Each structure stands twice: as structure tokens, then as C-alpha cells.
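Going by the order they are written in, the chains are A, B, C, D, E and F; count residues from 1 in each one.
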Amino acid sequence: MRGFFIGRFQPYHTGHHEVLEEILKEVDELIIGIGSAQESHSIENPFTAGERILMISRALDEINTDKKIYIIPLEDIYRNSLWVSHVRSMVPPFDVVYSNNPLVTRLFGEGGFAVRRTELRNRRVYQGTEIRRRILEEKDWEELVPEVVMKTIIEVGGIQRLKDISGSDV
Amino acid sequence: MRGFFIGRFQPYHTGHHEVLEEILKEVDELIIGIGSAQESHSIENPFTAGERILMISRALDEINTDKKIYIIPLEDIYRNSLWVSHVRSMVPPFDVVYSNNPLVTRLFGEGGFAVRRTELRNRRVYQGTEIRRRILEEKDWEELVPEVVMKTIIEVGGIQRLKDISGSDV
Amino acid sequence: MRGFFIGRFQPYHTGHHEVLEEILKEVDELIIGIGSAQESHSIENPFTAGERILMISRALDEINTDKKIYIIPLEDIYRNSLWVSHVRSMVPPFDVVYSNNPLVTRLFGEGGFAVRRTELRNRRVYQGTEIRRRILEEKDWEELVPEVVMKTIIEVGGIQRLKDISGSDV
Amino acid sequence: MRGFFIGRFQPYHTGHHEVLEEILKEVDELIIGIGSAQESHSIENPFTAGERILMISRALDEINTDKKIYIIPLEDIYRNSLWVSHVRSMVPPFDVVYSNNPLVTRLFGEGGFAVRRTELRNRRVYQGTEIRRRILEEKDWEELVPEVVMKTIIEVGGIQRLKDISGSDV
Amino acid sequence: MRGFFIGRFQPYHTGHHEVLEEILKEVDELIIGIGSAQESHSIENPFTAGERILMISRALDEINTDKKIYIIPLEDIYRNSLWVSHVRSMVPPFDVVYSNNPLVTRLFGEGGFAVRRTELRNRRVYQGTEIRRRILEEKDWEELVPEVVMKTIIEVGGIQRLKDISGSDV
Amino acid sequence: MRGFFIGRFQPYHTGHHEVLEEILKEVDELIIGIGSAQESHSIENPFTAGERILMISRALDEINTDKKIYIIPLEDIYRNSLWVSHVRSMVPPFDVVYSNNPLVTRLFGEGGFAVRRTELRNRRVYQGTEIRRRILEEKDWEELVPEVVMKTIIEVGGIQRLKDISGSDV
């Protein structure tokens, strides 16, 4: 069975990581779609798709699995009615969709797919918005992401980039 | 050192396979970009990006390597002047580009990248156009692609699709 | 004389219906443009163009007219300066524009068209925003749309869709 | 039963007309999709969507039917894998697709739709290419289209437009 | 040395004018990029690119300089990662970027360009938002723009356009 | 009177130059639109808009005129029916269009503009296709363009770029 999980991963955090560990127990192969792949250098979407691939790939190296994992950037299609077909054309066939996002759930549901709700532990802190806020306010954010992700963010100059974009550095 | 190789892979064939085997001797990590990812169901581009990912991924399983390989679909950007930036934003950073295509070579060259020409053995038969032609004319094509690719093409109904599209089945 | 009336019709409601009844007294033929035709499955735009065509078409069947009516979906063009030309190329020629929207009025005015302001009775309740809010809050909304529109919304699963998208169903 | 028929209608001709007369015997309601709706003023696509709506609408007035007919312009989506979803979102639900085009047939077939091949009588002359060629060469073309279409082409200045575009008038 | 300065110029005002006078002391040639060139007829972007070219060009005529000045409209590319390449392809080569916008600064910085911060005098009143607000509220705005710009705004009917769009005229 | 002249200028050549000299005798101000501005690095369109601006600007410096000249890159809009509106929004208002292109002539004519046919002397050799062919075949091309254009082409590495793109250098 091949599963599909989608997120924007701005950045990839421990909440994603824990969900993926759970999903990997259920599926034989897993496709991870990186949504809004074309976005970067904005407060909502600071990291490029390439940088996000690096984060996810390195974090998954730490999970000891020999299951096949596909990490696939997905550009926005800007039309909800076409989105499921867009995803289907860009990734290998899959049997089940894992998501907690109501729109994703609805669209795949209307498209006839099996959808399973993912349970994110500690949803309030394990989310991109919170992490980006903490980086900007120079509060502890490192504990909310896997260590290799923290290193990748620093390596690509992500902290300064976020500050520059927000104008908070002035 | 991380290398970048791009192709449309319509379909992935033995020529690609041999080149990748050579490149994998030189690099530590390899990014394989799937060009014109948004195209499918045409005579020039019969297979979806998802199907091409499947072909490449399965073929590479046969190469016994523990080097990290990223397979990344790349949608067309339709502006040559932006293409290198587009690729750079969509994939992890890379050090060297492998290509034989003059436009790819020129664009990455102008962008300041190191480019190495790839030598494709037996270029005349190991090419997508030739394989698609043979499929349509019901001539031997199976020998031109790795066995798992042949099976994937059959599995996704690729032969009938190509015939339907070309109208040759009428 | 051929008139042109445009709306998003999310959904088509009694306010639209009454205006169209008035316009039909003045024109020989009427073009109804469905704006933002490409949008659907969002809180602001829950219904597809196809579903909106169905609503309008069925509602107009109840008006006893033998005047010719064209119902034409119009995708957004995202450039105000091109919008009038876009509309003109997509629909048959028209003599007068009916609208209350200041931007529509301005753009057609600059384009040299005759524009007539439409008077919507009871503007506060007869509007899409209000109807979508009531559907979500499970308040009376059925009275704000023609009966066939109410049935169409139920038939296409519109109530559950709106709830799913808004996440209010959780 | 609701049927769907698609064409570019550059221009609408007697071949289309005869096919539609046949289809109208089989269906309760008919959707006519106008493909490449955004194209105009080129040799392949001289007429705007609005002009084509006019042609079809007037020609259908001559068929004495009280069956409901929807005429809907469809802009190109440039991605075969999304095309069926695009059409489905833009038009009311339909049960059967009528087409002779291999790509249309294939795409709707993969999408799970029932497809019926249409038989065009006298295919060699009843086609847009032939009619546009004859208009340019000032040969008899009027006999290949319904009379109201001929009048519409003249009314919108289509003959001179085609000549101007082709440069043949110099 | 060729400098590059970018703004949306909705409208061109005395703040821009003073900065350009300063920059012109430092450079041999100056490129002025008009951002969001495709936008117009909205409250944020009331003027077309053509109208903005007219404002800037006339205002610069008043500065007695024989240095070469290029005024170039730049359409949005909607992808931050491609924006620097987009600008570079659309304008002649330049040596230094003048900007106070954090995103512009960051993107050109990552692209390896020299960036100089511009000091806008009296930033609170010399800004487009303030001027558009004053026009709408019929307060003194004429003093915030060069006289030729004021005349151009009146000439193109900009005041009424802004009121119409905002609906404030009703 | 303000005139409008459009070309792709791949490259700007003596034929363009002579026409512009003629037009400048008739108009008070001249707008030169650079068509397909987004194209570059292809055999048909080797030069970026920025490079073409440079060519034109330098060539015009040699014409001793104090008439105001606007050089404005115009991205393609891919819809003939919107093209005139697109041009109008991007450039200052103009009174007359100078062109020899049948499509340009037709579209501006339908849009109600005065159009004057330009007479290009020696049309066979003074054209972009011929010049690009000669560059590729290493035949005399320098005589077909103004000297400053020749120098600009060399300065931007245009000869090698054209050879690389065409693959003719292998």
C-alpha cells in the first residue's frame, strides 16, 4: 500500500516527523508532497522547495526504515477543482491520503480517495506559523524541529533571510 | 559533490541508465530532474511525471548504490532566462551539471555552473523518439529500456495510450 | 438590444433573480456572465461554474420568457486593464451593461459602454456572503434563493462541502 | 441523460450540425463545449468564442427541439492530465461524451466516462481547415456551413479578417 | 556605473523624485523599473504602466540631467526565487541596486548584487498609500507630487477613477 | 502626435533603423514596443529584452533628434483578442500605429486605431531571420545592423550564444 502525505513544510518540524513515523508503520511506500513548491522568500513561505527537500530528506535519514519514500515538490495550480488531478499526475499512484487539512480532505474525498485523518500531537506549538514567529522574535525554536532541520535552516541562512524579509532587522 | 542531471524521460531508457551509472561513479549525491513534468498524454510526452518517477525509481533500484538520489519533477517555466533560477529553487544545491543538450549547457554556463558533457552510447536508438516510434509501429522496443521500465509502461497502459493518442489504432 | 449582466453567483439568489426579471423587460436578449468561473471549493466560492450554470439555468426556466438568454462562464484574467476585452471576446456583442459593482461600472465606462445601475432590493440579506454564512451556521438560508437553486445546492452536496471547507464540521 | 460534445467550431459547419442532430435524438440535454475559447484572430482560430457562440446558437435555433442545450466556452488548460477535471468543473454533470478526436476519447476514457464515437458524414469537406482555406482562396465555402453561420461570418467581418491575418490580401 | 531603482509609483511622488535626484549624482546611467506593471484600476494600483511612464518621464524632464535614463515596466513574476533573474533579463545590465524595500534588498543580495539603501525624506507623507487616501478623502494631495505628475493624474481622469473604484463616490 | 512602432528586434537592424528615421519625421513623440520581451536564448529570439533595449537605445543615440522616444518591453499575452488592450495599458497613449505586420494591423484596426504601413527597404536581407542565419553560418552580417548594434551583440556574447543554442558549434 502506498500512502500520500502533503504539507508546505515551512519548515519541516517535529509534528510532521511524528506523524510520518506513524504513517510509515501503516504503508509500504510513502509519497511526501511539498505544497506551494514555487513559493519562497516570504514570511509565510521563507524556504525554497529545494531547501525543504533537503530538510525532509535529512530528517527521514534518521528514521530507520527501508521503506521507499518519494519526496515530490508540487507547484500550486490555483484551481481547487483541478488540484487532485494535478497531484495524481505528478506523483506515483497511491492508495490512501493522510491529511488533517479540511480542504485537502474534501477534495480527495470528492475524487473518490480513501482519506485518513492524522493526529498531530501538541498542535499549538508544532506548526510552521509558531516556528517562524519564534525565529523572528529570537525565541527558542530549535526544540520544535529535528536537529538536522535546525542545522539546515542555519546552513541556508534561513534565520537572517526571515528577518530581512520581515524587515524586523532594521 | 552533488550532481544534477536533467531529461524528459519519455520514457526512461538504457541510454539514460548507462549515463547515470557513469555519473554515479563521480558524484556523492545525484539529483535527477524530470523536465516538462506537466506534460503527458501527447505523442512527444506520453507519460505523466508520476509514471516517469516510477520508471526511474525502479530502474535505479537495480543499480546497487547507497548514494543519495533525488528524483524531482520540474514544470516548464517557458522563459529561458528564468530557467536556471527555477531549477535552483526547486532542487537541493548542486555543484556540477551533466548534460548534452546545447541549451541546457549554455544556460547553466551563463549562470556560472560547471557543466560536463555526457556521452550517450548508441545515441541513434537510445532515444525517446525512436522508442515511441517503435511502440507505435509495434516493432521491438523492449530491448531499449530497462526491464522494469518495460513492465511499468505496460502496467500503466502506456502502449494503448500512445496508440490512442496518435490515432494509429483506428 | 442585447444586455450583459455579470455576477459570481455563489450562489444564485433571489436578489439576482429579481434583477434579471427587471432586465428581461428591457432587453431582447440577455447574456449572463459567471465571473471567477475557475474558482470553487473555497468559502468565498464554494460552487463550480458548472454547478452555477445549473442553478441559473433552472431558475430561469421558472421565468416565463421566450427571450434568448446566454449563460457564459468567464475565467478571471487578473488584469483589470484587459478585463473588458476579455469579456467582449468571450460573449456575443452586447449594447448595455447592467451592474452595481463600481469596478465593473468603471471599466466598462472607460471602454465606452453604456452602463445601467441595477437596483437590488433588500441588499443586506440577498447576497452571497450572507447565504454562505447562514448555511455554515445552520440558519435559514433556503428562503433567500429560488427553490430550484436550493434543491441544486443540496443535490451537489453543497452544504456538506461548505462545512468541510470551513472546517466548521469538526 | 445529458451528453457532452466538444469542438473548436472554427467555424461551425454542416458536419457539426448533422452530428448534433443525431446526438439530440439520443440525449435529454446536451452540452456543447467550445474548445480553445481564448483563441481568435489567427488562421487556425479566426473567430472569438463570442462569435462562435452566436454561430452555434443561431444554427441550433433552426433545429426544432425543446431539449435543453448549454453552449459553454472552454479555455485551454495546456495540461492534458487536468483537462477532464477542467471540463467537469466548467459544465453541468454529463453522462456520455460524444467525440471522434482520439485524445479527447482517451482522456475521458481514462477518466471513467462513457464515450461514443461520432460519425461525420463527408469528413473531407466538412472541416474547419477546408472552409478556412476556401474563404482565403475565394472559393465556394458557403455551402459547407448552415446559412445563418454564413451570415454571421459576414456580419462580424470574418472574411476580411481571415484575409488580413493571412496576409493574402496584400 | 549603471544603477537600478524600482518602485510601483502609484503615483510617482516627491519622495521618489528626491531619491532619484540623489541617485543621479552617483551613477552614469539609471534604470527605473516600474513594478507590478500589469496592475491598474485597483485602489492599491490605480494607474496603468503607461500612465506611470508618463508621470515619471515628465517629472524627470524637470531635472536638468543629460545622463541616460531607462524607464522600464516590469510585470510581476509571482515567484520570489525568479524575480532577480526576471529583472535582469528585462533591463540593461546594472552595477548597483538602490532600494529600501527589505524583500528587494534580500533578493538582490542573495543574487550577489551590491545594494544601497535609499533614504526617503519624510517617509510618512511621501508614500503612495497616503496620497491615494488623500485623493479619496478630497484632502490636499497635490503638494506631495511634482506638478507635472499632478497634471498627468488629472489628465488621465485619475481622481474620478480612484473614487469610482473605491465606491466612495456613491 | 505620438506614434507607436512594434518589433521583436532580434536583433535591431538597419531596416528598423531606416523606418524609425522616417517615422521620426512624422511624429512628435515615438513609442517603440519590444515584442516577445520575455523570450531569449532561442534561435528565433536569442537576445533578452534588456539587451534589445541596449541595442535600440544606442542606435537611436546616433540619430540626431530631440524628440522624446520611449522604448518599452512588452511581454506576450498569448491572446490576440486582448493584445491591443495589453499594449495600451503598458505604454503612454498614442495616436497612430506604424506596422507592416498583417496581424498587428488588423488588431489595431479592429480596435479603432489609425494604422500606417511602413515601407521596409530591401526587406529580403534586412530581417532578423537572415541576420541570425548569417551569424550561425559565419557569413557577413555586420553590414546589416548599425555599428553600435554589432558591438552590443559582440559585447553580450551573442555570437557564441547563438551557436551554442543551435548546437552548430559541436
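Criterion: a contact is a pair of C-beta atoms (placed from the backbone, for glycine too) under 8 Å apart; a residue touches a chain by one contact, two chains touch by 3 or more.
None of the values given here were measured: they were computed from a predicted structure.
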Would the interface of chain D with chain F count as same or different, where same needs over half of all numbers used to appear in both copies?
different
In terms of C-beta pairs in contact, which of A-D and C-D ranks higher?
C-D
Just how far, in Å, is the C-alpha centre of chain F from the one of chain A?
46
Just give me the whole-number Å value for how far the CA centre of chain B lies from that of chain E.
44
Round to the nearest whole Å and give the separation of the Cα centres of chain A and chain E.
37
Out of chain C, which residues touch more than one other chain, so two or more?
38, 40, 48, 79, 81, 88-89
Return all touching chain pairs.
A-B, A-C, A-D, A-E, B-D, B-E, B-F, C-D, C-E, C-F, D-F, E-F
Chain B residues within the chain F interface of the complex
78-81, 102-103, 105-107, 109-110
Which residues of chain C touch chain D once you look at their complex with the stated criterion?
37-38, 40, 48-51, 53-54, 57, 68, 70-73, 75, 88-93
What part of chain A is in contact with chain E in the complex they form?
38-42, 48, 161, 164-167, 169-170
Chain E - residues contacting chain B, complex
77, 79, 81-82, 84-86, 88-89
